[in-house]
Amino acid sequence: MLETFKRIRKQSVGLCQSLKIEDLVMQLSEEVRSPKWHLGHTTWYFEKYLLTNYIENYKPYHPLFEYTFRDTPKTIFAQDQEIQESASNRPTLENVLQYRKYVELHMSGLILEYAEDKHFKHILNEAIHHELKHQELMMTNLKTIMASNPLLPEYSEMIPTWEKRANYDIKWIEVPEGVYQIGHQSDDFSYDNETGVHKTFLHAYRIQDRLVTNREYLEFMADDGYKREDLWLKDGWSWVTKYKVKAPLYWLKMHDKWKYYTMYGLRNIDLDLPVTHISFYEAEAFARWKGLRLPSEFEWEVACQLHTPSCPSNTNFLDHKRFIPVGENGHAHFWGDAWEWTNSAFLAYPFKENKELTSTENPSRQLGNKIVLRGGSCLTPKSHIRLTYRNYSFPEKRWIFNGIRLAESM
Amino acid sequence: MLETFKRIRKQSVGLCQSLKIEDLVMQLSEEVRSPKWHLGHTTWYFEKYLLTNYIENYKPYHPLFEYTFRDTPKTIFAQDQEIQESASNRPTLENVLQYRKYVELHMSGLILEYAEDKHFKHILNEAIHHELKHQELMMTNLKTIMASNPLLPEYSEMIPTWEKRANYDIKWIEVPEGVYQIGHQSDDFSYDNETGVHKTFLHAYRIQDRLVTNREYLEFMADDGYKREDLWLKDGWSWVTKYKVKAPLYWLKMHDKWKYYTMYGLRNIDLDLPVTHISFYEAEAFARWKGLRLPSEFEWEVACQLHTPSCPSNTNFLDHKRFIPVGENGHAHFWGDAWEWTNSAFLAYPFKENKELTSTENPSRQLGNKIVLRGGSCLTPKSHIRLTYRNYSFPEKRWIFNGIRLAESM
Amino acid sequence: MLETFKRIRKQSVGLCQSLKIEDLVMQLSEEVRSPKWHLGHTTWYFEKYLLTNYIENYKPYHPLFEYTFRDTPKTIFAQDQEIQESASNRPTLENVLQYRKYVELHMSGLILEYAEDKHFKHILNEAIHHELKHQELMMTNLKTIMASNPLLPEYSEMIPTWEKRANYDIKWIEVPEGVYQIGHQSDDFSYDNETGVHKTFLHAYRIQDRLVTNREYLEFMADDGYKREDLWLKDGWSWVTKYKVKAPLYWLKMHDKWKYYTMYGLRNIDLDLPVTHISFYEAEAFARWKGLRLPSEFEWEVACQLHTPSCPSNTNFLDHKRFIPVGENGHAHFWGDAWEWTNSAFLAYPFKENKELTSTENPSRQLGNKIVLRGGSCLTPKSHIRLTYRNYSFPEKRWIFNGIRLAESM
Amino acid sequence: MLETFKRIRKQSVGLCQSLKIEDLVMQLSEEVRSPKWHLGHTTWYFEKYLLTNYIENYKPYHPLFEYTFRDTPKTIFAQDQEIQESASNRPTLENVLQYRKYVELHMSGLILEYAEDKHFKHILNEAIHHELKHQELMMTNLKTIMASNPLLPEYSEMIPTWEKRANYDIKWIEVPEGVYQIGHQSDDFSYDNETGVHKTFLHAYRIQDRLVTNREYLEFMADDGYKREDLWLKDGWSWVTKYKVKAPLYWLKMHDKWKYYTMYGLRNIDLDLPVTHISFYEAEAFARWKGLRLPSEFEWEVACQLHTPSCPSNTNFLDHKRFIPVGENGHAHFWGDAWEWTNSAFLAYPFKENKELTSTENPSRQLGNKIVLRGGSCLTPKSHIRLTYRNYSFPEKRWIFNGIRLAESM
């Protein structure tokens, strides 16, 4: 446990190694926060939920960090017209790294002491998963920050290589009608929005064994996909027309050719790779254009359970530090590369609908009118994902690596 | 059929009888449109989908009304900073009433001619239901318009009376676990989002036989319901804090006492009546405060089917012209008074997910991250509602009469 | 005096004669108010400053009209997200007309009674001029309202005719260096921002005897006037680029030809008429393009005093009901047709800088960073204008008929 | 000249010495830019207006810095809803410092070569003054950045000391009626908006010999100065009510006592020091409350010319690195400590009104509806100020150290 803790903590800082202080302090909005903030926030979580509860008279590193790292702090002069935004300059990066060390020192002792305490271990697990989740968020925010700089700097100069997959033909996975069981059942860690194991009835359906590629998506664009109102939900069409959406996020047309911004700078689009950084509306319209549809999250979970219940070892997760979908294993399994939009809203599972919402960090607080994504992406730490893991997003958001898997009723 | 057509058309104009021209031309936003617009829009629908298709060389009443009444028209000078908003003064009310007569004249002939044509009858039905739906929208908009005027004018001076219900104790309706059938099955008219009859598995649950009252809601408010973050979903809490929500829409605190604006002006709150004009977030937080939850739309439909499959004759709908929930029949059935929030998102039914979205007026275009409401309200025309009818709204909207029915898993 | 009062009051209502109730109740923004509001507001002014002060126990027509007509009233439910805007439906037009009669009846008696009271007569004069000023505002707002309607209705169908001026060559008026006297001196009515008679030093200058025409302005446009940053002040350039300004307000390019919206509908641009509905920034850039400049308000006043000290009888004012500049008398005098932008800010005259600002209706409250306009327009009532009259506007506003007269230093 | 160049350049970097990289890259808005940007922008100016013109085939340090440092660059993906703001992380601080050295190396050679070239020297002077001006802007922005950080970091820990002034009684300076000469006349450097020497007529007036103090301003606040509509211009009152203004910028009420943020952190208000960080509206309302007024910029210039035509050596400018008004020399002269609001708009001087606006950096482009400030502040480099220097600001802006000097007509 101690080793896991240390490894995860080190990994968070390691992801920032190639960056400059200037990159790490940028905060673009309440949704695109500075990597420095993520480093502080994940540290505060250990202080808040473990150190202050388990160490008598624990002295927090800094009296104001509770305020600074719990949430985006407001400027003290916010009532003034002239000062609308909070500045993210302080604490300095150096200070945050010291904060991390201070907390890690205290945590190491605590982990040894409470090695057998079940409750302690559960909260420790939550804290570690909280940091894993923020590793993806930090990298997601960082991509937006880099793309927002007019010089289009690269996170890394060397694009990684991988074995190109030979055969890319779609195969269909068929699932017969029946009552299936949904939700997380083992004693391993999971968020409570995955528990509430329950039964659901599924009509017969089939689902594709890989994600939609950039090549296919360009065909949709070439066929006026963004201009045909009849392909879009009303809210999607409002979004397309209001923001004049013409392509996935980070795509740029130069000399009549589409390119996209990656962690390795602006590059030609690889036609064989999964299309990513698209909204639910785009995924939904694409599926309609194909005469198909998105799967429900239950259809997704059952198909994954039948086909690839455990994650293959070479799956493209954050741990590989590729930071880009590779499509290498896109066929024949449901894991990594890109989060997959479902056509399910992020709602409470049966038996869980009136759960208390005591912690402000609990993903169950996000329930409501968001859409479920499944499967993890190339920015997801491998130890963070599960078959039953439910990610969620507003339908118009495209910051994370979201992609499309198609299905149809039989 | 002709008689129905005439009756519905007359009813639309009749609802405006007690109003002034000044009231009928007010347009507050793209969502709160003028009654005059509703009168024109429902007329245009007949022109667009029937007259131009069934009468050769049909001459529309006015060449620009297609543009004016299809949607909210934009001003021609919208690019100028000085002219941001479209003015709703013309066509005049008189002109719109002439337009209605012109279209009714042509429609009457057509209805007689195509009395046996199945396809014609289906589209006619759609057009009539379109007008019925807009009757509720028009009255909903009108309430907002009247409440937005600082003089707080009344729609009608005389508040109607009705027999007070003696017994208001809640009874629970219990439903056992099983696979149930969902969706509209008969040949009668329905929207296609209700069809796609399919099976669903429900765990055992129970559901209350009446809506939550103002009295109960005031207890929630008195218990700091709007101040306790732990009762709210994250988006709900953002909404409460951003807009400083303290009570349902149209409620006003005067001399330490809550009043509410009704179609009969500002009045004391009737504690025995169902609470209405609340958002999904408020309904959801109230349920959590009670230790209960909202039903899913499937639970609602199955319970209604079991308990009150057909609508009792004295149910409080628009036809009674009460314009206020009365609670008279709140116990023992699921119809009228107020739309009931479910905890289901408005998503496509199985077999319907990739349906073509050809008409911009089709409710299926609204699918996505909205929440389903069931049962109809005091502004819903009786002939518009069905057991399987699915209404929808963004979770923060409170314009329609939305209320709460509670449930729990067993 | 009584006769003047009655004539002015009648004129306000007369201006609305050809309009529909639907037109009169439109309120587009806090700056574009309904004609009905202007009819009520000018009436309230008499109630507030005369009737309640001079008649003991005067009973206002309606207890809330003080609130409704003093300013744009806010909706009572303004704290709710759903109700942002106040509705302008009530009081009805009929009610406002009754209000006018009620106040006129009481005022008529009062005017006879206080015929010799100097203080009373001064305030009466202020109230009458307040109504005259609002006649121009009402017509200005009305033009915007009509142009904001997608059907582009006309205020009047018949465009008036007038004798075309034969000779349009510019003549220069030369004024030698010297100390000149500025400001209103007689006992006749004026606003206090025109008094504070004082001396100013002017270097020698010359000024043109007519306004810039549409023909000349089109040459500026054809010479990329709107695209050359070097012609524009910084704030002007920001305004042009932010709002993509390409032409004066109400201009529309159709089939490669510019047209403009007038009170007589959309019409071909008359090249010989003064260009109007342009901002200070446009006037200033045009002057720079010509190698000339705008006059200061002091230069304007001195030149007008020397050249045409009193207003010729046939000048094009509101009283002629042409509602469009005619250019008939544009040469050789400084009155009517269009307000003329100066390069002076609307600042207090010497001896007036610390004046008390007791009335919220006093034009002196508008002092600050606005620009002065001089001379009156085709919507200004003749009895409202004076040689020393100072109108003012934010530099980007184009609703009133603003035009350009050029000058240069010698 | 070379020495001056080197000294000024060194001073810009020197002002950043005590800061962290994190502070230097913060950009809060288009108006509050990062110190790093100021360091780059002033360097680009030398490249643009000197190096590329005087060195054949000069190779700019970086092809995109023209774009990056000419103005606030836009993000390349600005059309996407998700990416609204440009990130200011790159180029890194280190890169910008290298850029400075590269340009300084080339400039040093050039300055020696063109030592006798009059045109070169004029542009060099402009470039140096451009950097001086930006030193004040940089420090002004920095104060906002530091105050926007929730930890309220200090620019420097040690507050400087100075001799307290014994006598603070106001003395009046009287100026008789007459025609006076205005504007910059010598061959020394000045901006062209100060030239156009011309005559102006002034009525007799008197003006105070020191600025208004915090003590006096608190009396205004205690007398409900911010709550009395009759003290305020209309736009000022709108500003006060819209933003709920209750005190100068950077003031904070803690435990019923006002404090203010300074470069030395949050401190008790020194009652004897000049009030600063107030808008024109506040200055104007304060003057009215006192029964006095602000001087015009011409009255200010004439009084300064008569009384203290040249700047005393110990005046509190940026060179003293106090970063706070000290009031030490507030009596008896018009220089330093705080910019003084006048009641004049920033308009072109006679003979200058149609000047070409070729450079986007020329202060003359700022002419229009801004207000003139005079005299320099504690953040103004001493070598940047002149008796005829005209600073300008929108009337509601309070970022710079703006203060009040009172006057009245005699």
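By letter and in written order, the chains are A, B, C and D; residue numbering begins at 1 in each of them.
One rule holds for everything that comes next: a contact is a pair of C-beta atoms (placed from the backbone, for glycine too) under 8 Å apart; a residue touches a chain by one contact, two chains touch by 3 or more.
Because the structure is a prediction, the values reported are computed rather than measured.
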Request  = Treat touching chains as neighbours and tell me the shortest step distance from subunit B to subunit D.
outcome  = 2
Query = Is the number of contacting C-beta pairs greater for B-C or for C-D?
reply = B-C
Task = Quick one: report the Å distance separating subunit C from subunit D, using the average Cα coordinate of each chain.
result = 37
Query = Can you give the whole-Å distance between the Cα centres of subunit B and subunit C?
reply = 46
Pairs of chains satisfying the touch condition = A-B, A-D, B-C, C-D
Residue ranges of subunit C in contact with subunit B within the complex = 20-23, 25-26, 28-29, 64, 67-68, 73-77, 79-93, 144-153, 239, 243-245, 249-250, 252, 261, 396-399
Request  = Would you pull the subunit B residues touching subunit A in the complex into a rising list?
outcome  = 179, 198-201, 203, 229-237, 280-281, 284, 287-288, 291-294, 343-345, 347-348, 350-351, 353-354, 356-358, 360, 365-371, 394-395, 408-409
